[in-house]
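Below are structures written as structure tokens.
After this come two complexes, each holding subunit A, first together with subunit B and then together with subunit C.
Our next item is the complex of A and B:
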């Protein structure tokens, strides 16, 4: 659908390495991502699928600009990217309202912008009676709700979402997944969604990338990629090419 | 990546410093009173040890000691807090792409707010002891400015070093202890053997401490040359620290405890 467009972000053979300290004087290079290439187009919902520990979170940090690649190239055409982060370190002795303002500012929103959206945040987080109480008195569910409500206000060009979009109790979980789906399906934001659940990726994304062994195994439309991924989960074979093109 | 303007960074730093300040005040029952009590208790201890036991007491020992301690405590508190600031916020560093310089600057900001309280205490004690504001008090903000530059010069490079080599953080309090004893907090350079004095003057902190005493207690202008040199060198080193933080910016997120 977006083949003629310029990609907003383009990765070519990108790798990211960390140094692992083994003892005082010896350290070992560890590649969290080894060879990742794909293009992200405007209003894409790109699902990144793979088992735990294959470098999906590192990929999101890379796209968020928190890290830079150690090899390969990442070209950002000038779009803003943000990780949906629900927990940017609350100050327990300050009220929910003040923490909401701080959290929003750390994610790049102006103070007035957050104040303007405060009513929405409070209503969505269902914290009407507690918003001026110190966060120290909140339950973990309340904190998660506040974190999500604030994080959901940010509007970058590209929104990066890591796995856990269901937070809080069952009701709130349903509600947060709901608004998230709405946002993803509205296609006015470009989304990169990381998950190990084929089900969610199928539901939410139009394109997918499968990462295994820190290498992109296959990318393309959701069905092709998920077929390869599910086949791998069943058989343990990374036969990317084998499903015929007709499928 | 999100591109944030200078105004946003400025607001964020001020707002977060203020939030941290209040969070700290809320943490205890006495709250802000502690920023007055702390230096007072501190002074009482040194008064007892050096003034009474070791007989170093002079007529103006209380204001002399308090001026030194108040000035010193800002240096110590800020350097400790700021040098650990990036490491302490590593979860945030790993999630949002903003300039890491904000963390040490927030730490400095919070400490400055606390400093206001101990400076107010100092003024009150000076007035009680019979000192009256004179024209030299006008130079106090300049001395404080030099102190701020000195604190930044220590904090910014250390914030980088501590992030990558946390062990250095353990050494910082020891180094500050040495600097404390060499800063003439509870003695004047006049009481030392003359050959030692020039060596002591190599310590930038002593000029700041003496400068504050000169303008607030003795009613004389501070040693402008010494303060000028300290200020200039501090600005240069702090600028270097700033560049260092910029240079290492994309690497901070990788410094993970794996």
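Our next item is the complex of A and C:
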């Protein structure tokens, strides 16, 4: 993307700390993210890559506005962000339809809006027969499909995706990757996609950020970043032999 | 820097979340969600119960029956004062305290744990989080409404009279509702930080049941404490004492309750609501960390 453009979201030296309570009066500060800086431009598709536990999910929560940074600045130019997430506290004794409406409303849609899209949701989630059954009777795959279908109807300016592509059976996975690609290629949504799979990031993103040790290691063109990441994984394994170590 | 940039969109920025004056606009924007949440919670609760909303009647009735048995049969001699003679039938006196106390208990015990129970939502979506404990305060309103109809019916059956003064009930209840919502906001975000709050509330409500004029009238306390004025003062510090007595004055005397009874509860309610709103807004940005 052109550098002359204004970033929609800009992070400068952002850090997030959690208090871990050890006993009633003693607590320890734990930095989940220490120094994260990058700019997100309109219709970017930014991949965030790193191993498990490096603060990728914390970063998404930060972007979703669920929590705020403890240091550094995060400037949002006024765009709406939404985390594409499944399993949004389903009420088990209500039907799939009722849960879909409630879930959509929690994510900022109006009731009419989501009712109008209900047919699409049902078709996409392949739940035609079961949509009026209580969610308690759903398999975990069905719940995940419903969650994805609802979340996908939400049209935020910036869509945040947390590794959701591994949802449901092989067919549904293929389908969800496909619609995701479609949306990314259409360039009307800005996307932040978090994953530890270099392959998916390469497939879906044009830019990438590699987070390791709670700090942004590399940022930029997807190929450059992934090359650095894959190189780290290879050499990392060579050094340690058995389970790779972080921190 | 960039403060004007932050104004657009309904998204975020922690400073905006902390602003207390934005509570009302935020809540108005989220009203549809609040109604939906309350309605769905009610449906989920009674969907697979064969007797459904009948449970709202059974609970206060059973409570009233057992208390009536204990006090007008087992302890009949001691309790002769409790009913206050034929003017105030004992079961009506009991029920008038019970339904409002049970509302208080049900609302607070579910609101306290509501944020922790809803952690899936709180951690993933950005919305006006106040609606979670507020919804918990609205759900038992239905039970209260049904219990209130039961109370009026029983009052009429046992020879009581009703007049336009009954319309004062909502006025007094408004004070109780404000108090309940304020406490719900305080306790729910307190419970996020310290899970001890949940236990404390359970113990406190049990304590309050005996320390408030639920199954005995206030006159008995005043009578017993006539020698020790500080006991009466301490007793009246509990805002529920004035409120429950207010309800009884409306029902049995068909008039607006003594303003002196309601003044303190009203001050408490305003203070508690204000501090609840401020504390909730303050802790909102770090709430997701603690869940």
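By definition in this document, the second predicted complex is superposed on the first by the 236 of 247 C-alpha atoms of A that agree within 3 Å, B and C clash if a C-alpha of one lies under 4 Å from a C-alpha of the other, contacts with A are read in each partner's own complex, and residues count from 1 in each chain.
Just so we're on the same page, a contact is a pair of C-beta atoms (placed from the backbone, for glycine too) under 8 Å apart; a residue touches a chain by one contact, two chains touch by 3 or more.
Here the structure is a predicted model, which is why all the values come from computation and not from measurement.
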Side-by-side fit of subunit B and subunit C on subunit A, or clash: clash
Which superposed partner A:106 touches (first subunit B, second subunit C, both, neither): both
Touched partner set for A:186, first subunit B, second subunit C, both or neither: neither
Partner chain in contact with A:5 - subunit B first, subunit C second, else both or neither: neither
Partner chain in contact with A:75 - subunit B first, subunit C second, else both or neither: second
Contacts of A:137 with subunit B and subunit C, given as first, second, both or neither: neither
Contacts of A:61 with subunit B and subunit C, given as first, second, both or neither: both
Contact residues of subunit A, present in both the subunit B and the subunit C interface: 18-19, 61, 64-68, 76, 80-83, 85, 87-89, 91-94, 98, 101-102, 105-108, 110-111, 134
Interfacial residue positions of subunit A with respect to subunit B in the complex: 18-20, 30, 61, 64-68, 76, 80-83, 85, 87-89, 91-94, 98, 101-102, 105-108, 110-111, 134, 156
Residue numbers on subunit A that touch subunit C, as the complex places them: 18-19, 61, 64-69, 73-83, 85, 87-89, 91-94, 98, 101-102, 105-108, 110-111, 134, 157
Contact set on subunit C toward subunit A in their complex: 1-2, 5-14, 17, 32-33, 36-37, 40-41, 43-44, 47-48, 118, 120-127, 285-286, 288-290
Residues of subunit B touching subunit A in the complex: 1-4, 8, 11-12, 15-16, 19-20, 22-23, 26-27, 89, 91-98, 250, 253-254, 256, 258
